[in-house]
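Please find one structure pasted underneath; my questions will follow.
We call the chains A, B, C and D, going by the order they appear; numbering starts again at 1 in every chain.
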Amino acid sequence: MSQIRTAALPALARVPGVAIVLVALLVGFSLAGPRFLTPANIANILMQSTVLILLALPMTLIIMTEGLDLSMGAVLTLASIALAMTVVATGSPALGFLAGLAVGLGFGLANGALVALIGIPPFIATLGTLGIAQGLALAVTDGQSVVGIPPSIERVYSGTLFAVPIPIIIGAAAYALGHLLLYHTRFGAAVFALGGNREALRLAGASDRAMLIVVYAVGGLMAGFAALLMTARMNSAHPTAGIGLEFDAIAAVAVGGTSFERGNGWLFGTLLGVVAVGVLRNGLNLLAVPSSAQVACIGALVILALFIDALRSRP
Amino acid sequence: MKTIVSLAALVVLAGQVLAGPALAANETIAVFTKNQTNPYFQAVRVGSETAAKSLGAKVIQYIPTKPDSIPEQLSQVEDVIVKKPDAILFIPVDYKALVPAVEKINAAGIPVTNITDRIAGGKLVAYVGADDYNIGLATARHLLKQMGGKGNVVILEGVKGSLTNTDRVRGFNDALKENSGVKLLASQPANYQRLNALQVMENLIQSFPQIDGVLAANDPMAVGALEALDGANRKALVVGINGSKEAVEMIKAGRLLASGDFNGFIQGCLGVEIAIRNLRKEQTPKEIILKPVVIEKSNFQAYEAPVEQRTCPKLSDMVTN
Amino acid sequence: MSQMAETRPRLALSRDVLQAFYRLLAAALLCAALALASDAFLTLGNILNVLRQTALLFLMASGLTLVILTAGLDLSVGANIGLSACLAASVIQATGSAGLGVATGIGCGALIGICNGALVAWLRIPSFIATYGMMWMLTGVTYYYMAGETIHGFPPSFRQFGSGYLLGVPIPVYVMVLFLGIGTLFAQRTIWGQQIYALGANPEATRLSGVPVERRLLLVYTFSGAMAGLASLIILARINSAQGDIGEELTLPAIAAVLIGGTSLFGGSGSVSGTLIGALILTLVLNGMNLLQINASWQPLATGLIILLAVGIDTITRRTAP
Amino acid sequence: MSAESHSAAPLFALQGISKQFPGVRALDDVSFDIRAGETHMLLGENGAGKSTLMKILCGAYRPDAGAFLVSGEPVSVITPADARRLGIAVIFQEFTLVPYLDIAHNVFLGREFPGRIPGLIDRGRLYRETRRVLDTIGFDIDPRLPVHRLGVAQQQMVEIAKALSQDARILVMDEPTAALSERETERLFAMIARLKARGVAIVYISHRLAEVFALGDRITVLRDGRKVASVLAAQTTPDELVRLMVGRSIDTTYGRHFCDSPGDLALEVKGISADSGISDVSLTVRAGEIVGLAGLVGSGRSEVARAIFGADRITAGEIRMFGAPMDGSPQDSARRGMALIPENRKTQGLALARSVGDNIVLAGLRKMFRSGIFSPRRATEAAQAVIERLRIATPSPRRTVGFLSGGNQQKVVVGKWLNAGARFFIFDEPTRGIDVGAKAEIFKLIDGLAREGAAILMISSEQSEIVHVCDRAYVMRAGRIAGELARQQLTEANIVRLGMHQ
């Protein structure tokens, strides 16, 4: 039955919704104003998207395992605070960076353990750790920003390498690494199997639980890494800075065509999803569209991309 | 392909419709506020527009789509720098975390005027703000005087870590120190939110059989506390801060004792006026700190008019130093 | 299948009863701890107070329970409350009629529910994303409509709805009991409820049993929307004003209440009465922190721990117990 | 050849294996051995312990008691990794393939070749090796295709390739022909013969007696977790095997009471087409009749069933039931007395996590409770009545349906429609995954329904079932009706002739 159907589907109809929406936005905004399609503005959009890319890439893997990580935004926040506090206390950016990574990794491992070892559904497990990370972030700072970070950290966001802004290099490198990890390693094949057929993985002699823990650990680690960029961007750490970023990441993954079932993921789509949201926000700001309309537009974008995909997947 | 073309056409059209007609104005001022929901910032926006209109300039409002989002305000600043307005009027979501944003504006050569929350760094044309500490102090003193210098009070704090909250609560506490007969029962945060304040107050009412006064760090919390007291059939004198429309009406009705005036409209007016006059190379003050005023039974009439109908005060009248 | 057949043959029902008992026990333990820690806890006033606060959370979560029973999710609950409350508030202000306001609030909520239902049932957009998109759209409309202002001051007849008492018990508590009854009866004692459980467990098999799955989904989302509308009215009546951010930060606690209450995100199992216990536990945490004057910064952390404890114990006992 | 292999030492032997699950003794003192180059058939009803034995064989379960002998040497524990090293590969009935990975990655899942850069896979070698393995089984397909785009038979080939790529010396297959067409089955058998010739031992689990004798060298029969017999295929008969499996003898011709005078026209399908690939299908079913719908797998039989029931939208044609046109939705069909017992019970027939009672009343809710008010007591009574009538083996209507055996689950699906008062039943592969004893009971049930005046359309891939059970049959080919066979013409040869592509 499925054979009959897919054979009849012309190749063009498989163009994912997110690609259509992104191209439409690019064309539309370019026509609407002269400032949009300039190298500086494109760099601007990409730099703004980097933090979300760093979260959305591992989120894609997590969603491919039929999981979810709601704690990412809060973990990023806490990692950012750990980073800033460590740098301020020790004066060593390297130690700070490691502290941020350690917080991220710790929470990632905890999420993985709750999901894989205890068997708590990912949504609830990470909702719980979201509360813990957010609570710790508020409690240790008493709601205050942490400032006094040396300029070496800020340069991670504002600096350039070979005339390319460092965040763009980091984003591209993260995507390249993610691509290698997902499509060229055993671990990547295991990610597909975790969502698609866990039994297959077990029978292949791999530990599905260990792999699942690794997936969440990667998510936490990336949140810890993204904390560096976020901290550099604000030149400070703030206990509410990352609130809600996990939902932006999940939305980007879904808009990018990754489904919540059977390990059907598309990493490049996630990249397109993040950029589409970034382009939309930037374009609307350049056109000085009122904020309330911007809010509605973001919702419309999410629904539209999924709607196009839903139309296409219909018989 | 057809889908893309029609969607792109939609984007262009929507952009033009939503952006509205372009005004034939001399200068363009980008105004940054924290969120779309707090009436205080609406008053700032109305003030900025009123001032711009009278001076023949145009303002564009930038508000994070997610309320009080630091990363989003950072992105909006970056986007606005691409757009290159003539000047920027800036209320940072967080006075420390947005310093890099102001530095970027500086680097782009756009003059920036700061109002409300004083930014912790960067170069400013001017700062216009209220003195939160003194407002807190004056409002609390007003309450304590009405209480006759004795009794039990509770404090409802705003968002932890925000500059306004820290200073206001410090003012409250210093006023309390002057009155040894008053006992502070509890100081709990309710995040500047009405529903939070209502529930926190309900819980505090259960803990303390006698509460005579409530010091709320903003009006919505004061009103939430009043609703909780009414619900429990308890009486206490309540003060808030902001001088919002609602608070003024409740002062008139005798339910709210007083509200410290924290005037967004005037800050918006003055901020834009300074920004424009600075662009026009006129002499402008570097700093304006509004005098603390406590709105109460005797002086509320002046605050009854809705912000849209108010006129901006003269800049020269407001310069304190 | 063969694995399932080999596991111990016990009644599934008794296990559910046991789980419900564990949750009640958790709530009771929490109460006991609070009673020991604070003299104020076990006073009539505070008990009514906790119940009134529970009522609000429960009303939001009860509609959501049905949605989650169908293996769906409604992330637009908070945004729905925001828009419904603001529209209802302006109708009440304009007409002075509490009745019209109530109709507007519930009607607006239900209409939003229908939109969600249509996106999920007919356009087959995963509910998580459909309602996430709706959340943004509704928020945008609310912001546009309110333009940063507040609407405040409603007639006493309307305010009774949220802050009034009847025979010494707050009116929202009656509303809660009413909807606990309605929700439970609907889920357990109507054929639609049965169909909804089945559809949560296996939508395809349910469709092939002649159940109009799309219409049932629509019903569920509409109900959830209407309940959000109702909750918005209670908030409105309690705080006597409406502001654009009124529903913010209400969605995740509502979802948490449902999950702590034992309803499974995978659909097909759970109950409205469980959600009441979930809402009660969450409210107790907040109440306890206020009574004990613990810094509210710790509140998210405490909530997170409670969620993990409740569901973790649940998961472990399900795995090891019969 | 079988005599030869018996003389050799067993490649692998299980001795006195017992396995206890909470409440169930799944295996009790079972011994089993496998010799190089033989086909060892494993027979038994569902719940007899075949799956458990298989899982112990591949290391997924650890036995409570018993020993392993590898080439005569005792081994204490077998892990999945050990099993792989010993060359044991299992092809489960539910494939262990990852849908969104390509063929090559599936074949070498967990055994990917390390590349020159540490951590990365050598993809060139991966595709080359896959190509090589696919070539050895004569499967010509692009190894870069994701598995979810393949049909069932192709997926099975991937499974076999996966097993062979591990240099399997023992290949365990669980009902491999369940989803295969005739031709695909022939190809599979040819391959099994080739593997045997190379010295691979095959453990083959099946319910189909014809296959048992076509392939088997030795046959082991399990019943209730015990080994009942281990015999040479040449020394036994089908009836003997059935008796061993069930513990009593069963008539495999099902003793059908054929219908001589069919009643009114129950279903009339006129020239329907659907996007699922069927076109211009016309057929009729009368009350009291059992009409077969035969044809190869993939010929569109299930699609016809779904179109008639309204599960898929029809693009042309008309469907009438008892003279009145249908509006093409499952609700309408169910309301007017049509029942679909779908091919896949677990995904389409039952809410597995719900109770037996809940499932039984599901389709009839509207009829039973006209007011919309549900009464658990009446529902339980109705479910109890169905349980008794169909003799469903369940301790209570409140038992979770997922815990029942395949045959009993199938009865629950039928019971759902009996309770709903259906008068026209579509059975899509009613005996899939059901053992011999239960099969006879299902057919008796279908026969009983027909005798009570219900009209029945039955899809089956087993021609013998069509021949033994149906009053007449339609044969499908490539989405169309290739012909109709009346009672007198209804033979396996005729079905094959009509169903094969010319």
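Just so we're on the same page, a residue touches a chain if its C-beta (ideal position, glycine included) is under 8 Å from a C-beta of that chain, and two chains touch if they have at least 3 such contacts.
Quick caveat: nothing in here was measured; it's all calculated off a predicted structure.
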Contact-richer chain pair (by C-beta pairs counted) among A-D and C-D: C-D
Distance from chain D to chain B - Cα centre to Cα centre, in angstrom: 70
Inter-chain centre distance, chain C versus chain D - centres from mean C-alpha coordinates, in Å: 43
Distance from chain C to chain A - Cα centre to Cα centre, in angstrom: 29
Touching two or more other chains - residues of chain A: 138, 142-143, 290-295, 297-298
Where chain C touches two or more other chains, by residue: 136, 140, 143, 295, 297
Multi-partner residues of chain B (at least 2 other chains): 36, 65, 160
Pairs of chains, among all present, that meet the touch criterion: A-B, A-C, A-D, B-C, C-D
Contact set on chain C toward chain D in their complex: 1-2, 4-13, 188-195, 197-198, 201-202, 204-212, 268-269, 322
Residues of chain B defined as touching chain A within the complex: 3-5, 7-12, 14-16, 18-19, 36, 60-66, 68-72, 74-76, 78-80, 82-83, 94-100, 120, 159-162
Of chain A, residues touching chain C in the complex: 114, 118-121, 123-125, 127-136, 138-139, 142-143, 247, 250-251, 254-255, 259-260, 290-303, 306-307, 310, 313-314
Chain D residues touching chain C - in the complex, by the definition given at the top: 21-24, 26, 46-47, 51-52, 309, 311, 329-331, 333-335, 340, 342, 346-355, 358-359, 361-363, 365-366, 369, 372-376, 395-396, 398-400, 402-406, 416, 420
Contact footprint of chain A on chain D as seen in their complex: 58, 60, 80-81, 84, 90, 92, 94-101, 105-106, 109-112, 115, 119-121, 123, 148-149, 151, 275-277, 298, 302-303, 312, 479
